[in-house]
């Protein structure tokens, strides 16, 4: 395997946890709920996924456990923000703290233990394609699952009935309500499922990427995913591009550190954030000019039906 | 047996009664108007029928069967559809996507079939709209047609239209009434919420009048006993005369000179095209027009809240084109916006804080970089006294005041600076009769003391009663300025509001 | 059937009862979690209290931790009053700390007063300008400041890392990412013979300043009007842009001072991880305190105590430092839940029909 394909393959791998988190957050934000607690949810996913994989010996059960734990975290957010109209920003921050703390407390005895994780699985024929084969089709099953998830989410959001309903709730909950959609139930559903997907991203960190558990091991990836959602303009396919771009920078960094080149890494590392900021500005300017794109109109605004001046 | 029957409906919001023991019924194939002043409880009653609000007590029967609507989907299943005043459309989605929102559909959306059905319905009811357009790109009229189609797509037997003509020109309204007749001919019933008596008289079969949340009665509009006077008496609870005493004043020199103003709307289209007028000292200059024809943009462009791309605004010959709102206030121009709760006041703050909103930077309220709160309190008290504002204290949050008291407070705030020019938009919108009368009298008395008034309203009666001259605005253009509004037949004013130039009317 | 109604006027006593009740509920919740881990919650809480308030040294350590939290909370609070979410106090503190180091390196003076004033001025400018980026984007193009300040945090971290790993690294640090020790003239005086530094005086001063600005001045009036209703503010001729820029500058400047006081008062050098999430804790403190300046001081001490207690748990019980974050998270959950009961009333109605 040549260096370029190796770096690109590593980019896909290190982009995968961010991709899962981004996809989960897209689902949540599309329904109008801002969940800034990704970091905490990912950590809880990483911890629970690791412990369950370790004890059951089956990484798949670990991922399932992480998904469920993520859903529970999402349920807290949903209850506080949807049922109790709590402030979504504060609730997200609380979720991050709670998840960080709880995963550290519960995981303190698992530090330094290693697991097998998932093996790479070369897809026959496809993996023989030069470069692409090695970069895209010589990965582990969770990476393939993320490809499928990207495609499924894109199709789901744009071409299916529940996807349409989801977008309607996020864009104009009052209209959705007037058209008879169960707004609260839909918001709950995607806040919960979205958080579950985010947690799978965390579990990928501990089960596959590192094969060990360490406290605060996601190291800010949850926050990166929050930015990635905007970078992707709420589009799953662009989310994949963004996640791999970030993964690529990370892979390059490791590579450069290994070879001892002293390029100011800070500049490279800061690039995704600078680019995201730039994308955010462009989206905002376009919105100011009346062009509506991607961004759910009711993001962060609580929905309450019987309200009058 | 009526198609819809609502019995003894009661609904409270945070202790305020919106509907109290209301009875209401609709027959098959009729157009039934629901008439009442703003705040009489019309929309609340219909939102209950549509399942959006749950009544505290009372019963709903559809086709004689008792129904409990937990949500709009229950109401839709029973054949009740509603088109809200602010259309319940998802702006970022296409028309066809909006059509099927919340309906039982296959998992993967059958786009072709949906579009075909929309085309059939468009044809049948003569409601033209492109199913592939994004809603945010449609005109208001098109959005309304889409919203009506949305309900017909759901096989609504009863269609509730909440003040549908408020956003339409008279011509568009006429088309809408043709569509409504078309629908009743095809077996639908239509409930038509309105506070315009002439529409109710001409276009509906029966009318139920609500007054302060209670049923004032139901009458047949085609019966010879029914007249606009009767309906207004039912609405107001007593005979009211709208005659207001406007003494003759000597108009002075030109104070306010607006010339060839052009401005864009929020979407970048042209909102104002070469608007020119001059107002003299003590003159009340009215601007009539259907909602959304550039009235708000006109106020904003004059008041420094919107860029005027050409033309000029002069106050006492001083050029203040595109000056800041504060510069205009400092030159004696004051503005009373239409949406008093969301623009004119900070409802979460108290009366005292609100009474200094437009002069807090001027001594004695301002001293150095600080605010003299004692002085602010005195100012609030004097406004309350002079303008009969009823409030428990100056420390009461403004959100707890009634609309009338809020408007008095705002009018008092702006008039206490004895302005050279007063711009006032929809000053009596949503107010009860006595507050309306009070506000109108204060505007006249302000003009007597020399203030030049620019009065923008949709209430033609108000405009005729107050204005010395009247301009009619249509799509951002003046169709003409009428020198003596009272002598102008109202039909001709209506034609101008629909886009006919004054030269063709006379 | 259960129904929810908006309260017209929230009752005053709930403003006090809800935070206190939330705190208790959080402690109970935390106790349950600790209990499942075979840790006696009573023991753990006693250790936290002892470590934070057990004696004059312990209390001084709590104040040391509370100082940056309090200062940053005022930065957050000013923005919140205007409904601007400055999540970026963390990054502004980084920039302030960096600027302070730059002042020490390039504008060195042996006069302590002059040196500290220069460092403070540098920090104010750096933090303020850094925050103004988000302020500018917000006022010019309505760019969501939550995300932009968050991004700016990460960019600030990278810039800081660049300097402490690169050009400013202490050559004698054996590879640790820290700068050289500051000369004595660049050290903020410490008080009472403890590690408590002059920053605490700044915090108390800021409490008074924040109260004065918001309730007495024209700027404060404009901040409140803009925060409650930007449309009304525009109508009355207030400049949204000017106010956002001014408030973001002040907020960022205070954030910058957090960084400056930490490095000059406490650490005496800059290290990559000097500001342990103070900027985020400040958001909670400002939120919990309902933007009341003096409550902020109190809440900061409480959160400082939690941090000190967390260290004790780490040393004495082998728990991780993040354990106290559970408590912080729980407090917020309960306050968020409690706020609902402040703003809404639950009403039970029985219906005879289905």
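Every chain is named by a letter (A, B and C) in the order it is written, and numbering of its residues begins at 1.
In the analysis below, a contact is a pair of C-beta atoms (placed from the backbone, for glycine too) under 8 Å apart; a residue touches a chain by one contact, two chains touch by 3 or more.
Since this is a predicted model, take the numbers as computed values, not measurements.
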item: Pair with more cross-chain C-beta pairs in contact, given A-B and A-C; value: A-C
item: Chain whose average C-alpha position is farthest from chain C's own; value: B
item: Centroid distance [mean C-alpha coordinates] between chain B and chain A, Å; value: 45
item: Rounded Å distance between chain A and chain C, as computed from the means of their C-alpha atoms; value: 27
item: Contacts with 2+ other chains: residues of chain A; value: 306
item: In chain C, residues with contacts to at least two other chains; value: 5-6
item: Chain B, residues touching no fewer than two other chains; value: 13
item: In the complex, chain C residues that touch chain B; value: 3, 5-9, 216-221, 224-225, 228-229, 231-232, 234-237, 239, 349, 353-354
item: In the complex with chain A, residue positions of chain C that touch it; value: 4-6, 33-34, 37, 85, 87, 137, 141-144, 146-148, 150-152, 154-155, 158-159, 161-162, 165-166, 280, 283-284, 287, 318-330, 332-333, 336-337, 339-340, 343-344
item: Residues on chain B engaged by chain A in the complex (per definition of touch); value: 13, 18, 50-53, 71-76, 82, 84, 87-93, 97-98, 100-102, 105-109, 134, 136, 150, 266-268, 341, 399
item: Chain B-touching residues of chain A, taken from the complex the two chains share; value: 159-162, 164-165, 167-168, 171-172, 174-182, 289-290, 292, 297, 305-306, 308-309
item: Complex interface listing, chain A residues touching chain C; value: 36, 40, 76, 80, 84-87, 89-91, 93-106, 108, 215-216, 220, 223-224, 226-227, 230, 264-267, 269-270, 273-274, 276-277, 280-281, 284-285, 287-288, 304, 306-307
